[in-house]
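Structure provided below as structure tokens; questions to follow.
Going by the order they are written in, the chains are A, B, C and D; count residues from 1 in each one.
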Amino acid sequence: MSPVLEVSNIHKAFGGIKAVNGVSFSVGEGEILGIIGPNGCGKSTLFNCILGQLDPTEGTVKLDGKEVTRMRPSDLNRLGVSRTFQLLQVFPELSVRENLILAGQEHEGTMLSRFFGRRDAGLTEKADRMIGFFKLGHLVDAKAGGLSYGQQKLLDAAMAFMAGPRLVLLDEPAGGVNLTMLGDLKERLRAINAEQGATFVVIEHNMDFVMSLCTRVLVLAEGKVLAEGTPAEVRADPQVIEAYLGH
Amino acid sequence: MTAPATEGSLPQQRGRLSRVPSFAAFADGTLVTLMLGAVILWFAPAGMGRYGTYVLSLWLVMSIAVMGLNLTLGYAGLKSLAQAAFMGLGAYATALLTTKVGPNWYASFAISGLLTFAVGLVLGFPALRVKAHYLAFVTLAFSTLVWLILRNEQWLTGGVFGLSNIPRPSLFGLKLDGALAFHRFVVIVTLILAIALWWMIRSPWGRAFTALRENPIRAASLGIDTRMYTLLAFAIGSAYAGFAGALYAPLVEFIDPSPFSLSQSFFLLLMVVAGGAGYLLGPFIGALLGVVLPEWLRVVGSLYLIIFATIVMLLLIACPQGVSGLLERGWARLTGKDKAGEAKVANTGGRS
Amino acid sequence: MKSTWIMAAALSAGLATPAPAQDKLKLVDVVELSGAGATAGTNWKNGIDLAVADINAKGGILGKQIEIVHYDTQTNPGNTRAAVQRAIDEGTYAVLGPVFSGPIGASMQIAQRAEIAQLVGGEAAGLTKQGNPYLFRTSLSQAAAMPKIANYLKNTVKAGSVAVVWVNNDFGKGGRDAILPELEKAGIKVVADVATEQGQADFAADAIKIKNSNADAIFVYLNEEESARFLRAAKQQGISKPMVGETTLLGAKVIELAGEAANGVKGHVGLSIDAPIPAFQEFGKKFQAKYNYASDHNGLKGYMAVHMIKWATEKQKKFDKKGVADTLRGATIKPSDEPGILMETTIESNGDLDRESFLAEVINGKQVINATLPKIKP
Amino acid sequence: MAEFIAYLIAGIATGAIYALAAIGFTLVWQTSQTINFAQGEFVMLPAVLVLLAIKLFGAPIWLGALIGIAAFILIFGVGFKIAVVDPMIRHGVLPLAIATMALSIIMKEGAKDGFSAEAQNFPSFVPTQTISVFGASISLQHIAIIVVAFAVIGLLQWFVGGTRLGRQMQATAQNPTVARILGIPVERMVLLTFVINAVLAVVASVLISPIYLAKFSNGEVIGLFAFIAAIVGGFNQVRGALVGGLVVGIVDSMAAAYISTSYRLAVPLVLLVVIILLKPEGLMGRKEERRV
């Protein structure tokens, strides 16, 4: 069986600066892959190249064996690839429920049915379930902008899962989240991984979070893959200790 | 971090000008206001004379064009500098069809809308492919080119001498030639178009418009085809200008290229902002300031233009949400509701 | 919801028309005070104000003082229509203006429906061909002026070929459409037909083009400022062929702005403050004193328009709106009866005017009248 | 040939004016990411203010010029930045762009109602004579425009590239955040940009008004062409605005000569559309990375 995501030899240069310099990896069904590396190692640029938000200078991205390089983010999302952002990206003027309906509405029906059909695109129940799952049930009708940072992080994640994606790319999900929330988040992610068989790729700084969540870890440095293996293997790799854990 | 720094910066740039105050919030209040407004306007001309009636009709017709631009600017965050040109296309299409070709006004009205919608798609596609602000450049060029064609192709458009004796439509065999009858017709058409827009804004489309204006990158990552929605917002906004033109021609019974020039497009943009971009009722207020205010200020001669522009400038500095935003603020203060309370109201509305 | 009602009430209050004051004669002038027609419109307005001041100082019309109101049209047909409708709703005695043909076309049916005389400043030939008995010009139509130009080009200038430069608005296009057949009739070849934009500032390319056409003479049909800019550009390109124009080209404003470049310009003049008629010169002085600049023909038109109304009212000896139009139609107004008309004017039944006009030339920065042309139907 | 040279010189002279206005355009764009829709009025107004000063104070020409120009730079360089841009930029660039549309109306109508609805003569500082080059008559005024405009643009290039202050200004324009970290007084640099914009407008105004005459509505055409020039040349480059201005000026002149005069205005606009379709970053512009 082919891997869910297969990234081959991605290069990305900004002017003369090579942010990503030939990265290849693949992710299998149901895996949780962590990508770590020091600041500026090209993690986010890599993400953006995979997700069609930047055009890679070179290289290919395959989803279920089908090439999706340079596909527009919205099309990619409708193929079942979803993401969260490093910086908070919820819609502050919409309520929590509206945020989730928004995250699901384009996956149902046609443009016409979205115009003439129901206002909630028939998604209220599903949204409420998702809200409950992420323990935001008491906040369904609150404006997203009024939520605490941690709650917004949960909402952000909930939005990424709303449409039942095959593959989710999480960009620093633990950043700025307090410990209790972090536990919640990790637990939710694991549950979705187990229940829905969704595949994850996680960029993260929080080593504990990565090591306890991921099944496999990829270490990037200076735009290249430095090491790859299970959390235990990576932790033991002297090169990684030198480049990343060392400082 | 090098690249991701841009992630957060773009949405902030889009500005708060065109905030939709929880687009569900006033949905039903808006509908009621629209209905009530229509009833009032139906009877309003009593005792106003033909001039007052005419100005009211002109106000409504301009409101339709401003409504369309509000969709483009207020909901989708795009600068179109060709709204008056689109209105011209609609007006000339209707005038030529009804006077020279022969279909009735209703068919001409529909054709005007379809034509401007299609032209909007054709214009918007290459521009939006590049960058949102290129739409401003392309529409600027388009606006002037349309004006040149309207002026130069005298065999078709009457050139600088314009087209006169544009007939007014009839309804179920009822002649609408009188000022009052036609005014009431305009009220009905405006109401229908406003309700259509109201419906769209509260449908999933409206949610998508809000999303792509607030944060297009996040919206795209949630499967929202931002290019399609942006294009649609622009094309539908342009079609509204076409509809407005189709009413303008029989209202004035004469058209020449001057009301469809670039400066008129600028003026329409100012009306959107003055009324409150992103508010469904904003265009009516904006057009009121742009069309009716000059009538009130006739005493000061041409100074009213300065007065209008100054009002817009002050509004932009003090309250970028325009008069609608001011009214909303005033209402909140009057009823003693704070921001949180406002959110609560908003969301009970959202459940219905 | 309450606010909606209040707004509606305010709206109707604002748009309801106040009853006209009974003791005064209300005249409404609907004119281009902003937009493309602002320059012409401002002259027209000032001419009207001057006439009203003169008439009121001498006791008004049939003892009534005139109350004059000016409404700006923004040079926009829709707004013009609104303003004319408003004027009529407010009970204006007659409608004055506008000056541009487009706005006239948009508003003339309204005055016609109300059976109220409308005295306009437009010169486009088409206006009086629509059978509107309530429309009156205040100057010669282009259809009347252009044959005189063609004659002049043929007999006086002796041009075999001519370049035509015109402004692409209703005024210029109308003039151009009127002169071309006349030139053909006179056997004069048109070797260049150059359209320019209203408000155009840069005439260098146009001047080069005309220079290269090697025409025997150049017929310039532009608005005042554009005329001046063109004359300057033509001088810079060293064009030495005679420049021939109609009224505007020889106007005071053009001479002031073009300076030396205006010297030698010649042509036909319908109305001019430099005409060898004392009344015109006196008007010019009064205008200059009041507004601190020299009036163009639009100022004269506005001044005459008010006096046409005065004459008709005094002739019918009552304030009958419809009667004004009926009295004016087909009438001949003599300066001896009404000095404010400045020169004898015959109003034809379609609203066109017939008057004497002049052939003039600019010499040393002054308009000099060479000859007076008789009325078409003396 | 003589004919062609005459058209070319006329085109370059107008193009130089468009370039001056377009450079101001790009400067304002770089520092505040906004399109100044009042740019044409910026070129129209200095001449009107000079004439107004002469009229109001009965001052001699040089004094009137001094007062008018100083007032303009103060109001529309410093004042524009402080009273319009600063309070508005926090709401985003869209309101600011629209505010400049309102400003253009205020400037235009203000000039009309406060000064004159009619065009006025503006004194020329060069004689109105012509010289003959290869059989084409070239006016000294056109030559003066070209020489002065190029000198000013050269001076600006030298200032931006060759002086400390200029480099600081450029750094601010390219990345205000980094500039601030480097200790550059960003606010003052932005203000300087606006003052330079005002100075360029003054130069253009003084150069062109003897030919165009001072009139409230002159800004419409100049603004439109400066806008086209900036886009054609490339919005993010001073060099682009220069090239764009010249290209548009020459194209316009040639269009008047060899294409239907009633569609003359269409030619630069079609050029604009073609550029947007084929090379959206402009002739000289840097390609901007697609934003994430």
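FYI, contacts are C-beta pairs under 8 Å (C-beta built on N, C-alpha and C of every residue); 3 or more make two chains touch, one makes a residue touch a chain.
This one's a predicted model, so the numbers in the text were calculated from it and none came from an experiment.
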Next item on the list: Provide the labels of all chains in contact with chain B and in contact with chain C.
Entry: D
Next item on the list: Tally the contacting C-beta pairs at the C-D interface and at the A-B interface, and name the larger one.
Entry: A-B
Next item on the list: Please identify which chain has its centre, taken as the mean of its CA atoms, farthest from the centre of chain C.
Entry: A
Check: What whole-Å value do you get for the distance between chain C and chain D if each is reduced to the mean of its CA atoms?
Finding: 36
Check: Using CA atom averages as chain centres, what separation in Å is found between chain A and chain B?
Finding: 39
Next item on the list: Return the distance between the CA-based centres of chain B and chain D, expressed in whole Å.
Entry: 32
Next item on the list: Let me have the rounded angstrom distance from the C-alpha centre of chain A over to the C-alpha centre of chain C, please.
Entry: 73
Next item on the list: Provide the list of chain A residues touching at least two other chains, using ranges where the numbers run on.
Entry: 14, 48, 53-54
Checklist line | Where chain D touches two or more other chains, by residue | finding: 109, 112, 220, 262, 265, 292
Checklist line | Multi-chain contact residues (two or more partners), chain B | finding: 3-4, 7, 151-152, 217, 302, 305
Next item on the list: Flag every residue of chain C that touches chain B in the complex, lowest number first.
Entry: 1, 3-5, 8, 11-12, 14-17, 33-36, 38, 69-72, 74-79, 81-83, 85-86, 88-90, 101-102, 105-106, 109, 124, 126, 168-170, 173-174
Margin query: Taking the touch rule as given, give the residues of chain D at its contact with chain C in the complex, in rising order.
Written below: 3, 6-7, 10-11, 13-14, 109, 112, 116-121, 128, 130, 137, 139, 141-142, 208, 211-213, 215, 217-218, 220-222, 252-253, 256-257, 260-262, 264-265
Check: Residues of chain A touching chain B in their complex?
Finding: 14, 17, 19, 39-40, 44-45, 48, 51, 53-54, 72-75, 77-78, 82-83, 85-87, 89-95, 97-98, 101-103, 105-107, 111, 114-117, 119-121, 141-143, 146, 159, 162-163, 171
Note to self: Give the list of chain D residues in touch with chain B in this complex.
What the structure shows: 33, 35, 37, 84, 87-88, 91-99, 101-106, 109-110, 112-113, 220, 224, 227-228, 231, 262-263, 265-266, 269-270, 272-273, 276-277, 280, 291-292
Next item on the list: Sort out for me which residues of chain B touch chain C in the complex.
Entry: 32-33, 36-37, 40-41, 44, 47-52, 54-56, 58, 151-152, 154, 159-162, 164, 248, 251-256, 258-259, 288, 292, 294-296, 298, 301-302, 304-305, 327
